[in-house]
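Listed below are the structures to be examined.
You will see chain A twice below: alongside chain B first, and alongside chain C after that.
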Partner chain A sequence: MNRRPFEVLGERLIELVITICGISAIVFVFSIFYFVFREGAAFFFHGFKPGEFLASVEWYPTSQSHVRYGALALIAGTFSVTVLAMAIAVPFGLGAAIFVSEFCPRRMKETLKILIEMLAAIPSVVWGFIGLTIMNSLIIRVFDAPIGLTVLNGGLILAMMSVPIIVSIGEDALKAVPDTYREAAMALGATRWQVTYRVLLPAARNGLLAAVLLGVGRAVGETMAVLMATGHAVRIPASLLDPVRTLTATIAAELGEAAVHSDHYQVLFIIGILLFVITFVINLLADLIVKGIRKSS
Partner chain B sequence: MSNDAMNPGWGGGRDPGVGDGPTSGRCSPLFSGAMSPRLQPNTHKEPCNDPGRSDPWEKTALLAILVLLSGCLHKTNRQAEGGGAVTVIQCAGSDTIVNVAQAWAEAFADVDPDVSVEVSGGGSGTGIAGLINRTLDIANASRKMTEEERKQARANTGQDPLEHVVGYDALAIFVHKDNPLEEISLEQLADIYGEKGPVDRWSQLGVTMPDPRRDKIIVTGRQSNSGTYFYFREAILGKKGDFRLGTLDLHGSKDVTELIGRTVNAIGYTGMGYATPHVKMLRISKKAGDAAIPPAVSTTLDGTYPIARPLLMYTHGTPSGPIQKYLDWIRSPAGQAILVQSGYVPVTTQLVATGSTPTGDAI
Partner chain C sequence: MFSETAITRRKQWTERVACLVLGAMALLMVVPLVLILAHLVYKAWPVLSWDFLIRVPANGMRGGGIWSPLLGTIYLVLLSLAVAAPVGILAAIYLNEYARDNWFTRLIHLAVVNLAGVPSIVHALFGLGAFVIFAGIGRSILAASLTLAIMTLPVIIASTKEALSAVPPAFREACWNVGATRWQTIRHVVLPNSISGILTGVILQVSRAAGETAPVMFTGAVFYKAIAENDLFAYGLLDQCMALSMHLFTISTQVPDVPDALPYGTAVVLVGVVLVVNATAIALRAFLRSRKRW
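Let's turn to the complex of A and B:
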């Protein structure tokens, strides 16, 4: 091979650049974790009561007489809204992804994809506005509830926000399955549904799981829409028609007011760490599940 | 390198006739229409689309960018013609004040075109934090700065924050218009809002709701960086009191009446300027049995209405030229007329002179 020296150099340079890009992700994750933790660290080691934080519902950060930082109701709020959103969005999103990828006529597919991407581009504050006005009165009318700013409202809004992500990534995962798989299955006499169910879904499971996870990530991390749609009330919901408050909404609503480096400010950063831990655990579990699937099959 | 890559025109390399010939004549009106005249000569150098490759989206996007660009240029020109640099006053804080502050800023643009006032909300705490961080010239607040905040401001800016009373706000208690309740006492409010308050049903107040299934009180409030939240907590529950858990903490003054207008069994507090046709303001008595006072300009000014508070603006020390002029104008009859239009209570000259607050013992 007769290569000019500057081509070799150029390739090396590009290699170096993409290596830095790859490593930068790790650097970013760790430095974000470090800075978030540093902001909350002083209080975390001095005066922070983990028992109260995780087991008490009494969230009184600005009380004049007795300050209490119990985040249980906030954790329950995030949990309930996310679980509901996923219960709606995962079947709906995966179903839509399968339809768009496998069953949909070509022309309709293009239209659908554009529309779904548009759905993903709607700003979260607009979703929150829909929750606050349209969904609120709809829930009051349909369920005869006293108030429409509830777990149900937040869950539905979050589901609508996660579906486009699940659809577009899920569709990509299904599209990435080689056509030879489909052809081989068809040649063996499988129906279209059998091809999808027995061949495509197992082959694309990693990508589909990634799609679901990104959807969960969006639901856990979403702030503005849930702030507006859930009613922002500190309580453990007893039903879908109770208002709640989420961890993210609490940070958004209170960080602006908390004096920098006060206990309240640092507790909000500890909530940030908690959110970090939650997403980390979800990712880890998903990884383990994928590995488990791989081993058993 | 190929000829194609060196040619600035997109399609011109392959067919020079297209790029420089009739197409440029066809394209230029599109550009000159959107651009300011000053830039017109440049348009001839703009690459024109090859008709075969022209993409309607590309063209629209380009047009949009040019329109935006020309808009910007236009604005700069106008400002330049006005002579002298435009002084910008940054002003943010209380959601209670934000509407009237915006109205003031807009009206002041006609009074003094050389001063531009930029207003945003976020809550009194946000505004005061901005003053401490020196990102603001004026912090709007519907509560007083705490000693702690004053200390931080002194440490950070080297100046004592100066308080200016720009008006008064009567805090109204709102219920849905179909709620038969007409008046409420401060004690009853404490029972509804307090941490260990015993009242959570309308029937406990002797109210029969039109729909008996709507007996539960939906308690709404404000999020905890709102000055309204702090003022109401202190006025109703005392210095040491806390709100009950599970209230709906809404994110803006307007959201409160908006929500109550849709929810027949809700109660909430916010400035009386935020009333809508779907809600009702309750008359308030200090004790059960006392005369109940409706929230109004007159009752706030004579001090009989129990829950009213001053609207404040904080500056860094004694303000300089334009800021002082702005504050003076706000307290002039012209500025106060705008305040009254927004549903607040004006600072009368007499009250400023004596330095008393018209709000009775609730403050």
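Let's turn to the complex of A and C:
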């Protein structure tokens, strides 16, 4: 028990550093909110019209006489692209998750999981580039459209980007269902599909929902891919072949040109706060749902 | 033994269809990946050479190579790693080894999950507001790296935590029983037994940081910056730099009349870097799993 004092002190010091790093995540989340809000605060409290921001489609930030900051078209842009992406990615992602977890042989499973990881690793700017080149010309050719940078393009790209998340989280959720469930159903003579449909899907419902939510979070927050793949029309899309612009793309496209601390610049930070809040709520929900399962099982 | 009934036949038929459809869905996810990568390489073929990597962009970015953005990306990745790795690993040690199971720990977990979900463009706004403007660093490699570090922190925390929790509790208990303190146990038992798993997470951080565009776009990366070839120390800490991801964005959308192969070449190099780094991490993980002794 006769440890030298500087050893005790050293240990205390290291534990202090570890604790500080441990709480750093909380500090960072708060400081992200604080600093993003700080940049937009002056305008938010003086001159910002929430009604116009949320309900008007007039986005004329650089107009000389008719400045309007209506983000409805941008919100609609984000919404349309996300909904399309999810309409494609959710069935495919969940289907692939079920296949990987329940149907495919072990060897193939390892290979597929590695490929999914690779798919998840491709940088968003490369996806944007694929949208800009390959998908663009594909859409022009297939639909005989004047331009291929559309809701469809962005939705397809986002679908491919969010599928890996849905697959990996969905597979985790299926894996978390106890094997005894499967064995009990098999013993009654159920086929694998019957086990999946009647037993696993209800049992893993929450986890699968969380997977979908995280996919939505990814799609809403994605920036470079939609910036490059959806064209630049600030309007509510009427069809899949209309170009749109999303909230994220607007920030990326206009922040460079807005003068620091101008109203326009501050509105872009307010959009940032809106995005932060949206993804925060989505992630919180997903986390609560997952925690809910763990507690009940 | 038993003859097939109609129900059995229908059952087996559904089973086969389900397997086929689900398999097709999984395949449909993989096939585009392979096709797209093949297409990228095919289009980039004319420019892919050693020279492409070590020459600076020339002729208003319509020619030459990608040395300046490549070097910039290396700087950004290494610097962000130098910040994110220690903080992330220590945070994971706190969460796994020290934290008790109470509301505060739950709050930290929640913060990590949410930090991972914050959109990259919001990180960019944060980096601009906090580092560039508030801290007065200005648009620089330092500000961009710090932004990237915070963005990739959750990756390191999550994977390190996983590696730490894979070390059986019995190892720690044995160590405590011979009189070791908590930190001594971590230092001499837990870390040596999980170091390779931790490395995997660090490698994955590199791949994520290398591909990000939005967070560096407004905090330190520029469209163009002239630097000397063959100079590994061409950028200073407070300089702005080019970045591979940003360069791809620039030459594919902002600069007119760029020869087709150039952006494709840049995309292939970027994807190549990321996939090679990822493959290393995956191989490392597989190797470790195979020689695990417990």
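As a working rule, the second predicted complex is superposed on the first by the 247 of 297 C-alpha atoms of A that agree within 3 Å, B and C clash if a C-alpha of one lies under 4 Å from a C-alpha of the other, contacts with A are read in each partner's own complex, and residues count from 1 in each chain.
Simple rule for what comes next: a contact is a pair of C-beta atoms (placed from the backbone, for glycine too) under 8 Å apart; a residue touches a chain by one contact, two chains touch by 3 or more.
Computed from a prediction, not measured in an experiment: that's the story for all the values here.
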> Is A:153 contacted by the first partner chain B, the second partner chain C, both or neither?
Replying inline: neither
>> Just to be sure I read the superposition right, which of the two partners does A:82 touch: chain B = first, chain C = second, or both, or neither?
In response: neither
>> Between chain B and chain C, whom does A:232 touch in the aligned arrangement: first, second, both, or neither?
In response: first
> Does the superposition put A:36 against chain B (first), chain C (second), both, or neither?
Replying inline: second
>> Is A:95 touching anything from chain B or chain C once the two structures are fitted on A? First, second, both or neither.
In response: second
> Does the superposition put A:266 against chain B (first), chain C (second), both, or neither?
Replying inline: neither
>> If we overlay the two complexes on their shared chain A, which of chain B and chain C does A:11 touch? Say first, second, both or neither.
In response: second
>> Tell me which touches more residues of chain A here: chain C or chain B.
In response: C
>> Once chain A of both complexes is superposed, is A:132 in touch with chain B (first), chain C (second), both, or neither?
In response: both
>> Contacts for A:162 in the overlay, against chain B (first) and chain C (second): which applies, first, second, both or neither?
In response: neither
> Common interface residues of chain A with chain B and chain C?
Replying inline: 132, 228, 256, 260
> Which positions of chain B touch chain A when the two form their complex?
Replying inline: 122-123, 125-126, 129, 148-149, 152, 213-214, 216, 218, 223-225, 230, 239-242, 245-251, 255, 258-259, 262-266
> How about chain A: which of its residues touch chain B in the complex?
Replying inline: 57-66, 73, 132, 136-137, 140, 144, 146-149, 227-228, 231-235, 243, 245, 253-254, 256-260
> Where on chain C is chain A touching in the complex?
Replying inline: 11-12, 14-15, 18-19, 21-23, 25-26, 28-30, 32-33, 36, 39-40, 86-88, 90-91, 93-95, 98-99, 107-126, 128-130, 133-134, 150, 153-154, 157, 181-184, 207-208, 210-214, 217-218, 245-246, 248-249, 252-253, 263-264, 267, 270-271, 274-275, 278-279, 282
> What part of chain A is in contact with chain C in the complex they form?
Replying inline: 11, 14-15, 17-19, 21-26, 28-29, 31-32, 35-36, 38-39, 91-93, 95-96, 98-100, 103-104, 112, 114-119, 121-126, 128-130, 132-134, 160, 163, 167, 191-194, 196-197, 214, 217, 220-224, 228, 248, 251-252, 255-256, 260, 268-269, 272, 275-276, 279-280, 282-284, 286-287
